[in-house]
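Next come two complexes built around chain A: one with chain B, the other with chain C.
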Partner chain A sequence: MNDMSRTESALDTQTNKITARGVQVHYGANHALRDVNVDILDKTVTAFIGPSGCGKSTFLRCLNRMNDTITGCRVSGEIKMDGRDIYDARIDPVQLRAKVGMVFQKPNPFPKSIYENVAYGPKIHGLTTNKAEMDEIVEKSLRRAALWNEAKDRLDSPGTGLSGGQQQRLCIARAIATSPEVLLMDEPCSALDPIATAQIEELIDELRSQFSVVIVTHSMQQAARVSQKTAFFHLGNLVEYDATATIFSNPKDPRTESYITGRIG
Partner chain B sequence: MSEVSGDWATPHAKANLSRRRRSELLLKGAGFGAISVAFLMLFILLSSLISTGWQAFTQTHVAVDFVVSADLVKPEKIEGGNYRVIVKEAMAAAVPGAAGPGAEGLKPKELTGILSDAAQFRLRDLVVADPGLIGQTVTMVVPVSDPYDQLNKGLIDRATPEANRRLSDAQIAAFDVLVAEGRVTKPFNWAILGNADSRFPELAGLRGALVGSFYALLTCFVLAFPIGIGAAIYLEEFAPKNRTSDFIEININNLAAVPSVVFGLLALAVFLGWFGMPRSAPFVGGLTLALMTLPTIIIATRGALKAVPPSIREAALGVGASKQQVVIHHVLPLAMPGVMTGAIIGLARALGEAAPLLLIGMNAFITEAASTPFDAATSLPTQILIWADSTERGFVSRTSAAVLVLLGFLLIMNAIAIFLRSKYERRW
Partner chain C sequence: MMSNERHIASAFDRDLEGILIMIMKMGGLVETAILNAATALDTRDDELAETVRRGDAAIDTLEEQINLEAARVIALRGPVAGDLRTILTVIKIAASLERCGDYAKNLAKRSVLLSQMPAIAGASGSVRRMAKAVGLMVSDALDSYVQRDAGFAAEVRQRDLEVDQMYTALFRELLTHMMEDPRNITACMHLHFITKNIERMGDHATGIAEQVIYLVEGKLPDDDRPKDDITAARAPGIGG
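For the complex of A and B:
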């Protein structure tokens, strides 16, 4: 916990990466998210916590417009990244998702080789056509995802042949291969054992130096361990958003307190 | 603990348990019975086909010495030689009038009737190819005509009274002479695969039908496969889900259930009637079969696309792939085994389909294999119908043999489908 003080002091100097104002999400007739206002800081780990169905994953998926692919889903309000409205008609979600990478709950590598998994994003975005450069991107991404040492001798073997924790790190490598500015993680450790979880958490902490990381988690311990800022969602509302230490030691809202002490959720 | 075991043994619990066991036994028994009946039917079908059909895979031949005299075949007019007389003389020499007891009263015409009609033409072709044979004696193995083939295969009972038999005692005696001289053999009947249709069973073969079916299936595949996959991809991945797409979906499912003869009527009216396409052409047959196979392929492809886990789509979308890239790079390759399986099963159905082809005239009597998809041809199922309708006894076993050939092809296609599915299918 001694690094908590360090991160707290660093908070003030950081700038907003994403600002969300009055975000509402409807799934058909279901009002899933009500009036969410959040500033997500650059080079910070922000955790979204809350009971199941509270809208935290929904909000996360608003940030890279993955909700666009769900029929019947409507998003209103304003979400700006670096001052640009990401729901602007002139913004193509395809480009947005290169800047806002995503890691999913269940490891979902493509049933292709490890190399192709990582190289896929850079390839479709045309980041390089040069084989040597691509090799470099793949190596760098795998190194940052702490998978290089395990995978370097088997880059051509299928990504689906890796263990669960390795697969999730491969998915992280795939997400960061396009050099995104924000990395969204939707319960990235829920399918992993404690050892793999610890590796991923360590990785998240390292990734913070380059990216703004937003992580949805069901584990409050995990939120406390990895994040600097925490947002608590409940029944589609953003109840409280503050520094992680404040949320866990001195929550303002009684609902937050009930949740983190285990009385609701 | 003793109370618990007491509970287990109460009359109510016992009765309940035995009732449950009884109904389970009943269900198992019914299932086993159903499978047994199905296997029995299959066994009866196959054994009846094989027991009548196997005879068609051999054909009785007889070796005859033909004397190609220069009197009958003029070197300057080889094609116009009198080969009929050569055959007649050869048969008269092979079965000398006095040789067999009872064969004396046989007319020369009846003697040549032992041989297939093709004998004189084969001899002519042989001499045309090699004029050096003129003036020599040529020993050629020729198929015997159908009644003698039946006799040699034991399908004509010698004990039947002569009046009820297709061969007279004298004819049988003459054939027995040939057998006694060791001239008669019964090799594999290559004609059934290598020849086209013929009025004479001993010459009839499936080549025309095989070629016709091949062209029809090729046309069907080339059309139905890409169109079916394209339609399925659009409906499954791109089409908005609304009333129109629901309507289209319902109608595709309905089309798959439309009797095939209706597609034949449609083809007759549209392809032949309006567009004036050639009759009996495998290309038109293929178009018709494509209409019929299309819904099957669309439904199979949609099923295969649906079966690709959403996590793969999300993964691809998450790294910024466009919808088209998600489909082409990830979803379609994963769905391909299912698509191929569906397509092959659809084609197998098309291969066995006779009704629509009857309506466009692919049941004509055609003695030459088609050389292009636009020539007249038959298909395997329509050829089976033609042969089943023929009166010559030899076509009975040939019909069964043709069914066996068709079943063989269907079996191969289904085996390919199973192989593709087990080899390339991925599980999550």
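For the complex of A and C:
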């Protein structure tokens, strides 16, 4: 057990990718997130768990300013990525989202070909105008998303024609095509069968050699399987944040214990 | 931090309670076996010794049932945190109790042999007192388990020191008898094995108390367990 955790931690960096201090979110009069302080490590999978409405997805959306698009949503406090405030007026949210990619609960490929789904991000961000380079980006992204073998002979067919699990991997390929530094995943497997889920989880584990991955999940087993760090949110508060092995074997806060063991908290 | 609330899935609570009932039943059988075996030795009651020997099968069966049930809960419920520690500790405690049952059975076997030999003055009474102390340690350790009382468990753990002292005293006594009259050697050797086995039962009771501390606090006590078994140091080959 000790040797295992040592091996795990040997893979982890201790560099902070994102630091959040005193983050508060209001939706109109509703105080959705209260004073969240958290350091998200680079090249690490961080899981956010907690009951519905606890604020975990809200916090996830703060990390790439997706909350900007919601009217009445107010974010205060400080979120820095690599030491730079992402809510700084000089930061372009569109550029930020190229660096902080996102994958959603339901696979949502564009009604375009598989190729164009992946090429879309690099194109609008002007990463390349060269056809050969674009081909390379598409192939590399599909390979990293473990979809290349299944998709290479049908790159021109519509992305929506793929199976659910393949569509989700296509969305991941699309998200990583812009070479983001952080990948946010909001319940990426909740619409998938166990096999597709296992493939996505394997993919997440591979992706963490390159990025910091933050995943919101309702499946505690999934959080335990894929993440190295786990944060438990409850009623808008970050209750406990620790190594995943600690959260699932010996949590400090009784609310965490009640939640993960399936008791009424 | 353990939670005492009920699970949302009440069947999970029933599973855990079922396992706890089995471990308590097993503990009760083991405690009775220890006390009866020591009584049989002291009163030269071969019939009681035979009852202890036959009773060991029920203890073994309970251990098997506990392990099967624990495996089922792990497979079906995926226990974590306090629930996981409950299952892990129950498996270890069942193994400790099973060993204690074996020692009691062994005591009963030797008691039947010893009842054919001349009595060693005072020895079987001392063995019985030691067995009583160990039987109480086992039952208290299990009470602390059910009550999840780490403080009580720590107290039980300290009592192993007394058992070790009793063992050392008996060891010297038996040695004296053997030196005084070599015809005592066979009986004294049997009595020594019995004493050593009771001392081992004390170690198992201590182990159970340590599992309680792990269950409640999430980590084993890190200080060294109290020991006063000087024979191991004085006579190599006997310790263990």
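To be clear about the criterion, the second predicted complex is superposed on the first by the 253 of 265 C-alpha atoms of A that agree within 3 Å, B and C clash if a C-alpha of one lies under 4 Å from a C-alpha of the other, contacts with A are read in each partner's own complex, and residues count from 1 in each chain.
Everything that follows uses one rule, which is that a residue touches a chain if its C-beta (ideal position, glycine included) is under 8 Å from a C-beta of that chain, and two chains touch if they have at least 3 such contacts.
Since we're looking at a predicted model, the values are computed, not measured.
With both structures placed on the common chain, the touch criterion links A:A175 to chain B but leaves chain C unconnected. In the superposed model, A:M220 makes contact with chain C only, not with chain B. Contacts of A:G164 after superposition on the shared chain: neither chain B nor chain C is touched.
By the touch criterion stated above, A:K252 is placed in contact with chain C alone, chain B being left untouched. Looking at the shared chain after the overlay, A:G28 reaches neither chain B nor chain C.
Contacts of A:Q95 after superposition: chain B is touched, whereas chain C is not reached. Put simply, more of the residues of chain A are touched by B, taking chain B and chain C as the two choices. With both structures placed on the common chain, the touch criterion links A:G53 to neither chain B nor chain C. Common to the chain B and chain C interfaces on chain A is no residue. The touching residues of chain B, counted against chain A in their complex, run 241, 309, 311-322, 325, 329-330, 334, 426.
The touching residues of chain A, counted against chain C in their complex, run 220-221, 224, 248-254, 256-258, 260-265. On the chain A side of its complex with chain B, the touching residues are 64, 66, 69, 71, 94-98, 101-104, 106, 108-111, 120-121, 124-125, 160, 171, 174-175, 177-178.
Taken together, the chain C residues at the contact with chain A in this complex read 1-3, 5-9, 12, 78-85, 218-219.
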